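Next up: the structures, one after another.
What follows is a pair of complexes built around chain A, which joins chain B in one and chain C in the other.
Let's turn to the complex of A and B:
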């Protein structure tokens, strides 16, 4: 039934398209792919990749049959040139899951929401477009992306993040909880939703049970470029999940898994709208190397067993289905590259669902390719007054460094870019920037190739630090510290759960001289979107941890008390000082005599005696004095007359 | 002279220079250990306005050709930045930048002490002459006159508040020096110096602007004296009694007790003040040329003071008030609290116009109590100015109580701060309570000193009437 429906849809689409230009319509296409990769720590990476593209609307009109309309409108309304939105939960483990491959470089994201967008509008309208975009996306994805609207929550990186056009805005919400309410609208953008095709595998419980999941939406359009070569809009949606197979298979052996055991579902229908839907299983370089070594050992010891070139004979594992093709990556001099096994889900149906199975035969341990330095960030100091941010980078001693910088040992430099955003309530003293190489403090600017700091402004903007460090290749550890004072906020500025603390978004560490890409023997593979994506040269990027900074809180229940007490103190000051100034001796004496005449009670007498004793003066009994009594009477009278006269004049004047 | 000798004996007992040098050495020793004392981050010592750490940040930003005011860190004067900024990064012979800066504040403290001493000496001289001219000098045969200048200078040098703010890496010592300079200039009749001190201190921190009134009175009427009415009376009475031997005293008298206001010096003062103001403004404009000009400077310095943007705790009461107050009342209370300083200017000036130095003390005390970012450096200044009037305020009440209160607050406040910020066992109210207590003690000090001074005047009047 669904098949029929989709065929009908295609037919309809084709029919409607024939009215416009036939050739262009074919450009609008949708592809889906799933990449599975066993990870060294007994987990499995599943990377879904959906790509929809639409031709430029100038030539083909504004009607689309595959490309989501909401995204099209977004692009056109806010003139988005490029945009990336990611919802992530969990932290990518760079040490175990790799930090040097295209997937980790472009799909390992900081926790929470990360959004960056580049606009094709004049410089002064960028912020306005950003604000509107955040609101639109917030509605589209049921997330509080609109909190990125205020200028104190986003920043404009100058060159270290993305392009240096100055029209890029970047913002993160580290505390955004990501859940199925964000996934559903994301799935809605797919032409088959999660009704057919690979997205059938997106079983919510198993996805959110994973160790890491990141759903990402990357949009690129050159709609507004003047060039004729524009390719239209490309929407790339990826979902990266790290799962652990439930199957138990001995102590040393990697757990064997199948799609249905891993995710709990299998692909029973193909999405008819997608022009290709493939599943790839990737075995990493080091794993392949281990396999080859085993194979060689086997050959050496048991010559009797013939070795075929099929991969079913791999001594390490076996796959339940025969691959459609095997793609080998170009390796380096020492090791062969990683291997991709391609499977197609085209011929799966409800009776014969696509369910891939991987069985391990021998225990094996390998490691993932690492970025040259592994960065982590932490807080120093205690108390709620001040502290320091430290970014420490440890050399992974991976051979990538030697591979890319093959020149002289003395000349070997490692360039590390750091992009750090600090919210305004963390008041960073940038002059306290210190760099330690192998524990030795360095003189300030020697190892800093380039630095741009735009300090935060209270309640207006975030602080951004972009820098490029130039470290010698032989360095073991490098550490960077920055001191800060913690700010004190107005009670309204605290979030409901103020004592939980505030987040400092992840710093982005990028290695400018390194690119993470795979290169294959076959050039024709560029046609397949996921493979072309893997071949794309992306800089090696890693994100550090989000930091949680506890800030001091005032007493939230006290505003009335504070206002009244402070005002009382001010009144005390004003009243008593004015009283001291205007008091006259004559009046004082009159007052005293009046008190004496009123026959002082025993209590007042005692108090006055006591106070006299405290002051160390002989106590005098209240005396009566008559002096100046009559004169003060006249003075009083004169004053009353004066005041009355002023009042009368005032009244007369203002009527 | 008899009174000279009494003062001299006091002075010999006191040994001013010995103690002054000792205080300098004491400071040097503490400066050496300043890293361990870690006073620069104490909220009592360094405020957002005076902190040298923020100045260093501003200087660093300026070195990177950014506006020193970008980033809401530095809020001081651009001139101070260009003078002290290089010191914060320089290292001369193992001395770190911070040590150099505290040497600067040490020098500033010492200069202030010397100026206070000179002011005090002339005040004592005026005091004795006034008594003589009123014909009351026979009355105090037995009791000596305290050389209040020396005592005040020593109090300034040995006040723990001054010491703490001197080695606490902040600029309040320099601000105090200019305030004292202005007062000294006015009391010694050095009009350009008075104008310079006033203009610079006004430039550094807005509040000394109210000192224009005492300075004008000082220049117009001369030093502190009993009410002028009394001189007229005593002159009338004494014409026939006085003999020729008092002739030279009378000329002195005339200088001080002239009831007419010498407008000429005031005009010169304002001329000088405008000269210095234009000089400072031009210098600021030059240093701020690339970073947004004077408007930016005024917004980031005076605007920051008036709008109380920084809510970090200090020994005043306003930070907590504005952290808690509802947003729609904020502007109202800002106006109310700032106007509270201004409200008292006129009554005080009317009532105490014959005592301009005391008036200056009052203004400083009031503004250090009500200012947006008070520090103990401000308190140190008005305390030593209070000691200048030790002869007049001998009968002040509650002095022991006040002393105990100040000691208690200065011990309790760090404890409460520690409990709140560092241990997390106390809360903000504890610290705020000490701030309220401190404000109350300051209020009592001001009120009591005012009434003691008025009582002193009353006493003189009574004595005059008897004579």
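Let's turn to the complex of A and C:
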């Protein structure tokens, strides 16, 4: 009986233990979501969003069930407060794919690798932490991020990028290749890897066939705040791909697609560790507007056809599955907001995989919301000596400008922040900075609100320019030029493909007065991570092109050629000279004839034998004639006699 | 008094001789008694640019093979000098093929590249071999082998007489490789090392190797070129080299449990199909190639030791195993050394003498001296030595008696 009791007790104890674990698991959360959005140029945007969070380890221990251990260790070893790493290939097309929505502002990234990190260490240790972090990340993500360890490849932006704590470091590698080997470790951070859930859709060939793909990892931790309010670590992983459906459609009609035709896979297993796995299909504001217009036209012309309010009756398109719910964004005065259709993949299995299909019914054309200014950057000048960088910004005439609260016809200013890093071998003369507004050069610097320039130092640091421009709202074009000289590298510093040119990283253009966010009617939607992310107020940011600067490259084989030719000339000259001076033919002949008579003495013989032994080679005795042998016998006798004589003399002397 | 001292230097010198013998015999005996602990693979593609697609395909094929035969990713160091899979010229993104039938995507879904692009330099390569890294370098980029490791080093690229080009801008010379391997041996970073090189004049690259335990095979002899196997007109370039193609053809028939020997691999190369002569160097390798399975290097076949009880039995078995291993090693050693020269014979005979009489040290040394005297071919030499030795002895004795 007592045994039974103890068993029961143990069981109870276990039960309570598991319950307490369950509470922790609830704190540690993983969610996944996929957002699909048709783009005006017959492409489709797929945006995967994975979020893992862990409670602060001080309160809840250091053992995690879902949160990746490698990231946890990274955070703790290098005291990372916030970090973002992105791998991108292709260029986000701001004109067609939009530049004023949360996805383009936070997921359109410069090509190659971009890394920034903010540390929670004393000021003097930041560089050391950064260096170690780059190495660790390079090992973790199979990329050459460790090239960012040199002070000549990263910079410390003061206020134009991220927070102004001074503990932030920023670096980019524009030419870094992005491929499967970077995606694999990124997927390994997910609790279900690519075995279940939405990550099943990540078919490598179809992702890398896309027009643009950007794989991003954003980490935020306030582990070191040591306050009750700390939320622990939040790891956000997003993959943004722009794909073109293969399905053929008419000239004007948008191509219809399904998940399986777009990506080549469908979700056949759900990730049971994920607390929510949803798929959203977003129809943009302008598309919704066009749709409404069509609907009204249809109602006006043909009253016979009843047009209901239901989404199945949308005149533009139809979705193969009924949405779980429809979320409407708050619109502005003229237009209604965008619409999100939510689907759940929870009940998908191998027999009934989740596969969404979108069919267009009517041709439609629309455009995406634009940032107030569209920036592009190019090079001026020719030759290998000097050149100029020009950043041109064209007004998109979008009505976003008017949305700002400080809008006033007379006192309307557009504030544009520019953050530009230039490697040291492009020697920028910052005093040549010129600003053109609508083609007119501006003599005074009244349009520059704030500027910080830290010129580059050869082989030590990059040149950084941070500025805020204040432009009148009515401006059509603004251009900025900076002249530079091209520097020379040491022969060892050239990369193997130096003739391809050198990259100047993208400039970051940000519009601090504008925020790209969506706002929904329902406040409860903040519970869903992807939706709360969309509601977050992020400044509108865009990146310019990477510039390719051809530098003077030496003929790399020249040193070898020079050395070879010089050596040949010297050898010929000195050889013949010495020959002419030193050679005496008559003497040589005499010497040769005399040499035949001479023989090697016993001492030289011994030395040669000894040296042969030391070198570990078998000693080859020189051929001896019979006469030599007999003479050596005589010598032997003479030696024995000599030894005896010396011994006798010695003895005699001492006695 | 004087007479008793007279003998001392002589005995000291004799003792020194004896000690010398002991050291020599122990050095030859301790060839490799350590157990095989793990397998490592370093796979290097040294060529940049799209037209060298085949070199990357070669390396990835080997990567796939060793992974299939059981070496885990964390013990493979893969160096790829360029990105071919996601290259803009690649019609098949994220895919690399080594055959025009496109049946096998070498890049797969789970490739882990440790060094890529500009990181593939001679410096980094030598750092991996010798283990001299900066402290910040992560473990995944290091060769963490030990003295029981079997290492496969595969290199492919463009090479020539005694060099291999890295990225068209630097060279790895045969001396560099030999020095690095020597350093590895001294640092006990490997037990056995197989160097496999697919490049033109590959045999010249290991002409300078001296370290024991190294086996080397190259695709071509000095003066010969190594050729590509075939062109894929969809990809637009040659996709595999001949030597690697036939190596893979050999391995595709095998699985993890096969016992194919290294000699069967080495004999599978046909100079007519290869269009070059595969050359292998075995003089530094102690074991017979017929007895060594290919999984010794290309797989991770560990010898399993069954134990009944947790710890005690293990040590016993280990002892037995090392004992049984010894004779075969010794015979291999002996066979190899007899070819080299007569002076080695002394070393082999002396231990025997040592073994015969372990009783009195004096008779033992006397025997040693006798043995040495027998072998000294010319009495002339002895007399010379005697004369030379006499002067210090006489001088010392006179000084002592003074």
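Convention: the second predicted complex is superposed on the first by the 530 of 655 C-alpha atoms of A that agree within 3 Å, B and C clash if a C-alpha of one lies under 4 Å from a C-alpha of the other, contacts with A are read in each partner's own complex, and residues count from 1 in each chain.
We adopt the following convention: contacts are C-beta pairs under 8 Å (C-beta built on N, C-alpha and C of every residue); 3 or more make two chains touch, one makes a residue touch a chain.
All of these numbers come straight from a predicted model, not from anything done at the bench.
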Task: First (chain B), second (chain C), both or neither touched by A:378 - done: neither
- [ ] Look at A:521 in the shared chain and tell me whether it touches chain B only, chain C only, both, or neither; answer first, second, both or neither.
- [x] neither
Task: Which of chain B and chain C A:144 touches, first, second, both or neither - done: second
- [ ] Considering only touches as defined above, state whether A:553 meets chain B (first), chain C (second), both or neither.
- [x] first
TODO: Mind working out whether A:583 is in touch with chain B, chain C, both or neither, as first, second, both or neither?
DONE: first
Open item on the list: If I apply the document's touch criterion, which positions on chain A are contacted by chain B in one structure and by chain C in the other?
Closed with: none
Open item on the list: Quick check: in the complex, which residue numbers of chain A touch chain B?
Closed with: 382-386, 424, 427, 429-431, 451, 453-459, 463, 485, 487-492, 552-555, 558-559, 562-563, 565-566, 569-570, 572-574, 576-578, 580-583, 585, 615
TODO: State the interface residues of chain B toward chain A in the complex, per the touch definition above.
DONE: 41, 53-54, 56-57, 59-61, 64, 66, 70-73, 89, 309-313, 317-327, 336-337, 340, 343-344, 347-348, 351, 369-370, 397, 420-422, 424, 427-429, 432, 436, 439-440, 443, 446-447, 450-451, 454, 458
- [ ] Can you check the complex and tell me which residues of chain A touch chain C?
- [x] 89, 131-132, 135-136, 138-140, 142-144, 146-147, 149, 176-181, 184-185, 194, 204-205, 207-209, 494-497, 556, 602, 606, 609, 613, 616-618, 632, 636, 639-640, 643, 647, 650, 654
Open item on the list: If we count contacts the way the header does, which residues on chain C are in touch with chain A in the complex?
Closed with: 48-49, 83, 85-87, 92-95, 107-114, 116-119, 134, 136-141, 167-169, 341-343, 379-381, 383-384, 386-387, 390, 394, 398, 401
